[in-house]
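For reference, chains read A, B, C, D and E in written order, and residue numbers begin at 1 within each chain.
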Amino acid sequence: MEYNQSKTGAPPGTLVYRGKETAEKVKITLVEYNEGTYVEKDFYDFEECKKAMTPDRIKWINVNGIHQVELIETIGKHFNIHSLTLEDIVNTNQRSKSEDYDTYLVAIMKMIYYENGIHSEQLSVILMDGMVISFQEIYGGDAFDMIRNRLRLGKGRVRRMGADYLAYALLDAVVDFYFNVLEKIGDKIELMEDEVVAAPSKKTLTQIHHLKREMIFLRKAVWPMRELISNLERSETELIKPSTDIYLRDLHDHAVRVIDTVETFRDLLSGMMDIYLSSVSNRMNETMKVLTIITTLFVPVTFIVGVYGMNFDFMPEIHSTWGYPITWAVIIATMASLLLYFRKKRWI
Amino acid sequence: MEYNQSKTGAPPGTLVYRGKETAEKVKITLVEYNEGTYVEKDFYDFEECKKAMTPDRIKWINVNGIHQVELIETIGKHFNIHSLTLEDIVNTNQRSKSEDYDTYLVAIMKMIYYENGIHSEQLSVILMDGMVISFQEIYGGDAFDMIRNRLRLGKGRVRRMGADYLAYALLDAVVDFYFNVLEKIGDKIELMEDEVVAAPSKKTLTQIHHLKREMIFLRKAVWPMRELISNLERSETELIKPSTDIYLRDLHDHAVRVIDTVETFRDLLSGMMDIYLSSVSNRMNETMKVLTIITTLFVPVTFIVGVYGMNFDFMPEIHSTWGYPITWAVIIATMASLLLYFRKKRWI
Amino acid sequence: MEYNQSKTGAPPGTLVYRGKETAEKVKITLVEYNEGTYVEKDFYDFEECKKAMTPDRIKWINVNGIHQVELIETIGKHFNIHSLTLEDIVNTNQRSKSEDYDTYLVAIMKMIYYENGIHSEQLSVILMDGMVISFQEIYGGDAFDMIRNRLRLGKGRVRRMGADYLAYALLDAVVDFYFNVLEKIGDKIELMEDEVVAAPSKKTLTQIHHLKREMIFLRKAVWPMRELISNLERSETELIKPSTDIYLRDLHDHAVRVIDTVETFRDLLSGMMDIYLSSVSNRMNETMKVLTIITTLFVPVTFIVGVYGMNFDFMPEIHSTWGYPITWAVIIATMASLLLYFRKKRWI
Amino acid sequence: MEYNQSKTGAPPGTLVYRGKETAEKVKITLVEYNEGTYVEKDFYDFEECKKAMTPDRIKWINVNGIHQVELIETIGKHFNIHSLTLEDIVNTNQRSKSEDYDTYLVAIMKMIYYENGIHSEQLSVILMDGMVISFQEIYGGDAFDMIRNRLRLGKGRVRRMGADYLAYALLDAVVDFYFNVLEKIGDKIELMEDEVVAAPSKKTLTQIHHLKREMIFLRKAVWPMRELISNLERSETELIKPSTDIYLRDLHDHAVRVIDTVETFRDLLSGMMDIYLSSVSNRMNETMKVLTIITTLFVPVTFIVGVYGMNFDFMPEIHSTWGYPITWAVIIATMASLLLYFRKKRWI
Amino acid sequence: MEYNQSKTGAPPGTLVYRGKETAEKVKITLVEYNEGTYVEKDFYDFEECKKAMTPDRIKWINVNGIHQVELIETIGKHFNIHSLTLEDIVNTNQRSKSEDYDTYLVAIMKMIYYENGIHSEQLSVILMDGMVISFQEIYGGDAFDMIRNRLRLGKGRVRRMGADYLAYALLDAVVDFYFNVLEKIGDKIELMEDEVVAAPSKKTLTQIHHLKREMIFLRKAVWPMRELISNLERSETELIKPSTDIYLRDLHDHAVRVIDTVETFRDLLSGMMDIYLSSVSNRMNETMKVLTIITTLFVPVTFIVGVYGMNFDFMPEIHSTWGYPITWAVIIATMASLLLYFRKKRWI
């Protein structure tokens, strides 16, 4: 659940970390590059990081871990980041959003990945003039490893273009993670679909319900992501160059596609639920038919044989030689006509 | 229910108190502060309060109790508050809203808290030049205690910034109360979810229904709250300084998060209702199967034994030595083949 | 139903009365007032009414009855009212709406009241310079009696302010009637809610259905009312003074509150329907269990006693002294183990 | 269904008739009028029609039949009508729409009428300077007969006002037809509503389904009609004089009322479906109760009498004089206590 | 499913083909025409194609196959097409969209066709000054064959008008394919509708479910198509001449009609599902009635005959001459009164 009582009553703008507790040290990775150079260094102390910075290069500071609130505060003070932004960065119960603070843009979003269910992690990306600062939680490994690789190898546009393109590349990586999760859920849905038609069981129901819950949470994560991106698109900041706009537009299309897929999955799951319920009804109907056929076949004839089990002194049929065979004939005729009736009703 | 007949026919703008009746005296708390000073006094009479005010300090007058209509009228007259505003303040059947009356802004909202169900209380906050007046119902204790503490201790921005920031802090406290309630409901939903899968009973149904009703009322309270805040954001008043705008934007995000969570809870409850209904269907199916299996196993063989209970004089099988064991053989064969049939149908 | 064939083919703008037929005479009430004076006279003829009018007073002409089409036409001609407006006034199959005809504003609305179900009556209010003309159907008594009382007693703002405030007061009275009806329906829903949980019957279903239908019709009446009011708010006419705008805004809030309540009621009724259906399912399940338990307990043991009712010559158990008691032991053991099975399944 | 394969691959703008095939001749009716004159002539050839036209009169050319594609083409060429317009006129699989082609306005709409189900027919109205051209399919008789009558008799505004008012009158006639159909469906719904509560049968279900389908198609016809009208309202053409605007606004209100009614009917039908389904559930429950009561009453006592039908040599009760009456007492006691149990459960 | 893991981690703008693998050679068709000339040539190499181009003619380059990524890259470089556009062209997991890149417009869309289910293929159309470049997947044959024919034969407007009209004609062909598919699905729905009322079976359910899934995917393809077209309509490019605007408006109407039909089909399918479920309920009810009637008729009389099968020494009725006929009389009377009861309940 995404609210936390401990905050109630705290003055707005107080930095309170709201993620899982951890004791690991926070790693700061400083990447500096331009078209010709690429330098990457790890620090566990911000002061050293500050000293290591060289002017005239595009800088990317990645903070891997947001539980050391004082560190975040130090970084924030150094780069003149508003305290509300810092509060949002460390508060992992955040809705994805982007905001324009004139001197910088901030995008706070949920990255999701799939490991026995959907997990989400908060990523914050701050775009300043010639610099990107990113903050990530410590748990899910390093989401931006691949981008660092691309920078290092000097492949693609990412080295030629500015900090705004780097920020876009980080967001693009996050959206790609959404597609990964959707693919996994899509596979699960396909499997389920075969099962629900072939052999629906109570387990199927639980699984559909489980997937539905995942879709509810996924949807809650995905919609704000689109708003975030279209917010950036519409923003009139000069931090984003016109040449990057076209990439944001593309990213927006991707986010819309994610949403489309989530909605399609929801529709598919609803359809499956319907199928499940009709299957249960159908099978109940089958059970009823078996019961009705058996009862209808045997209850009347049981009455007949009961009649001649009576002990009355005066029962003329009893003493007739033909009594027994005629009774059998009546029994067989009764059952046969009932069977014909069921056949007419298409029950058997 | 939130309408009240007694009003019908009263001229618009008449002050009619519409809350629970109470005889308690209304307490007026005057807080005056600037960066260096903090003064707090309680009054039970507005005339004395008036005399106690010092110029050049930010003032916060909190009226704890709105049932003494004449007091509200006196205060309103002194501060030039429109009679419609006063009417709204004392009418607790109000929809949350904010309005701009040029010389002041008013926000009337529902504060909710959880005590054996959701309760709501009406809070009104008037922001004037250098002054905030707040009105609260007398029941739920003092919602703004914490803010007074923060002011007294001189902590945070609240002392350095103006009356508009104070008004924002009051609204922020209200939204925090929403999160508290959501947390409690979230816990209940989680408990219910385990129950509905494990052992759904009629009680579960009543509880789901109960939660659903609470969500309906919560939703009705939450949506206008968001409108209220975005109304303040868009308002072109000079009472709110640009530096406070950013806090309102943050507050707006919080309200959206509250709404998101309410909608998610609604979806979860709908899903639970579906699960409940399918569980009932499933169990009915189970019952049917037991009935059908037992009936199908014993009704045919009961017919067979009925046959040889008949008293016909002429029944050759009766006198055969093998009659009895063969009958048993037939009975056992019948039952065995029925059991095989059920196994094939995966009923047992 | 709200359409009427008799109109088809008539040229647009033809005055055709479409309410219930009545022979009662139409009463015209002329009210003239300013801050010092109040005159009220009843007429059954418009010519006399015309003569009685005094200049320089605010005028309110209330026409109680709209079935005398020629009278409406005469009044319309005298005050230069467009024929489409007149057509709308006498056509009671109207959707609530307000229109701006430059020289006058017209609001045509449904007033609803509750008497063994929701009834609606059409009210039309025309606001001209210094004058209000209102038309009402003759059935529901006089909806505006209270406002006349307030004018007469000189209470409240209504005497001090202009014709636009009077028109607002009439609309406010109409919205108050909506709240009255909602209160009555709210009480019914609360009663029903207890019943549906305690002892749902077929009657409950019919009542829920009945309330649902009433909500459908109420909703259809309420939404256009809000449009009507916001239409007036946005209208750029000079007939409404800025000082009255604030009252319209308040009225708009009331209309939104009516809609909110209607929607909440709809949600509550849907929830109740769900509860009803699950109750029926639950009770069917109960019935099934009783049937299954009884059948399962007695059908197998009936088979057992059937076996020893057979008349085979050779049945060794029959002649044993222990045959009978052992049979009883088997019967009791069978039933006991079945009871244990049911207990394990939590059926008993 | 409203698509037609034969078009695929044809170049856009090709005139292809898509209605039912017919061999009837197309009748062209020329009506010319001004305040003093009224001339009406029928032609089967457009050349003669052209010769018969007199200047300085308002002209209305009504083409009754659109299957002679060449005729439509000739007319189109003579009046300079865009080929896309002509294509739309003859293609009866059209969505209602209005378009502004500078020199003329065109409205293409579905007229619906009720004859054992809803039927629709395409009407196209072209408004040019001082002239209206209308095209209708040949089947449903002549929809505009009444308007011609009004023109002929010189009644109403229609003779005094221009071609734009005539066009409005044609559209008004179409909307009146919608009300006719709604009235008929409303009657059917009312009948059905009584039936579904009193004696729901499988036929009721089929009828509800049938009405639902009709509402789906009606809705599809009605919504574009509203768009069409508001399109005309917003259009900045000079072909529509300001004095006619007010009539279009009225027409728009009518269209909204049609939509409101359609939506209300949909709600009513959904409610009816719910009622039907709960009735079926309720009746199944009733059936179950009868079954359970009978079975529960007789199965246990049948076991009892079965016990004393056994043929054991040693059964002391058999030989007691009280055996038989005591057995009866037990039977009656069993049944009586079961009856009491059912009464407690309120089943009987 | 429409996502693909292999992309994750690739830098944005990398050309990765995402369709089915194929080894077929890509055919490039160059069409050049003006009002007098028409030349059409096939190439398997772009260099040759380049040489063959003649200035001052409208050019249409159709690339049939998009799996040779290098070829697409070469074409893109030659015509100055942005790498993001190229990426979108080869990535078949695209959402339909149109974009304005100043020097060219690009529309990427899904063409659908029906062959044992709905299949979709990606088409991309680039409109430049005096030239159209189209890219299609290789599988579904050649979608644009008919347009080439029309160009060749010099029929219709297509030869007289510019490249923008050609691009429109291509889009129009795509929308026509949508109508084809809708027609086929419409036929299937009609067939199903008869079946679901006459003889619903489990197969019917599977088919409804199948159609519903197809509608979900169709809907996902159709909505972006409308956005694409209205995007083009609103675009302020000079590549589209005003004379073509009217055709785009028409195309937009077609797309809306497709959406309307898809939504109607969805409603019809939902209605069918309801009918199916009520049919199942109804038939279960029928089965229950048969069971109840038979059980209720025979279980009580079986008890009666059981009574006189008891072996008590002292049973006076047994020895009476009238015992047996009276028993029969009681049995017949019981059954007759039960039959009357069922008739009253309208069960038989």
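What we mean here is this: contacts are C-beta pairs under 8 Å (C-beta built on N, C-alpha and C of every residue); 3 or more make two chains touch, one makes a residue touch a chain.
Note that the coordinates shown come from a computational prediction; the quantities given were computed from them, not determined experimentally.
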Problem - Same-site or different-site touching of chain B by its copy chain C, using the half cut - result: different
Problem - Euclidean distance of C-alpha centroids - chain A vs chain D, Å - result: 42
Exercise for the section: List the centre-to-centre spacing of chain A and chain E in whole Å, with centres computed as mean CA coordinates. Expected result: 26
Practice task
Would you pick out the residues of chain D that each touch at least 2 other chains?
Solution key: 281, 284, 288, 291, 295, 299, 302, 306, 309-311, 315
Practice task
Name the shape of the chain contact graph, picking from line, ring, star, complete and other.
Solution key: ring
Fill in the blank from the handout: The ring order, beginning with chain C and continuing to chain D, is C, D, E, A, B
Handout entry: chain A residues touching chain B - in the complex, by the definition given at the top
Key = 1-5, 7-9, 11-14, 82, 84, 88, 93, 95, 97, 99, 101, 202, 205-206, 209, 212-213, 216-217, 220, 273, 276-277, 280-281, 283-284, 287-288, 290-291, 294-295, 297-299, 301-302, 305-306, 308-311, 315, 317-321, 323-324, 327
Completion exercise
In the complex, the residues of chain C that touch chain B are 146, 150, 155-158, 168-169, 172-173, 176-177, 179-180, 182-183, 186-187, 190, 197, 246-247, 249-250, 253, 256-257, 260-261, 264, 267-268, 271, 274-275, 278-279, 281-282, 284-285, 288-289, 291-292, 295-296, 299-300, 302-303, 306-307, 309-315, 347
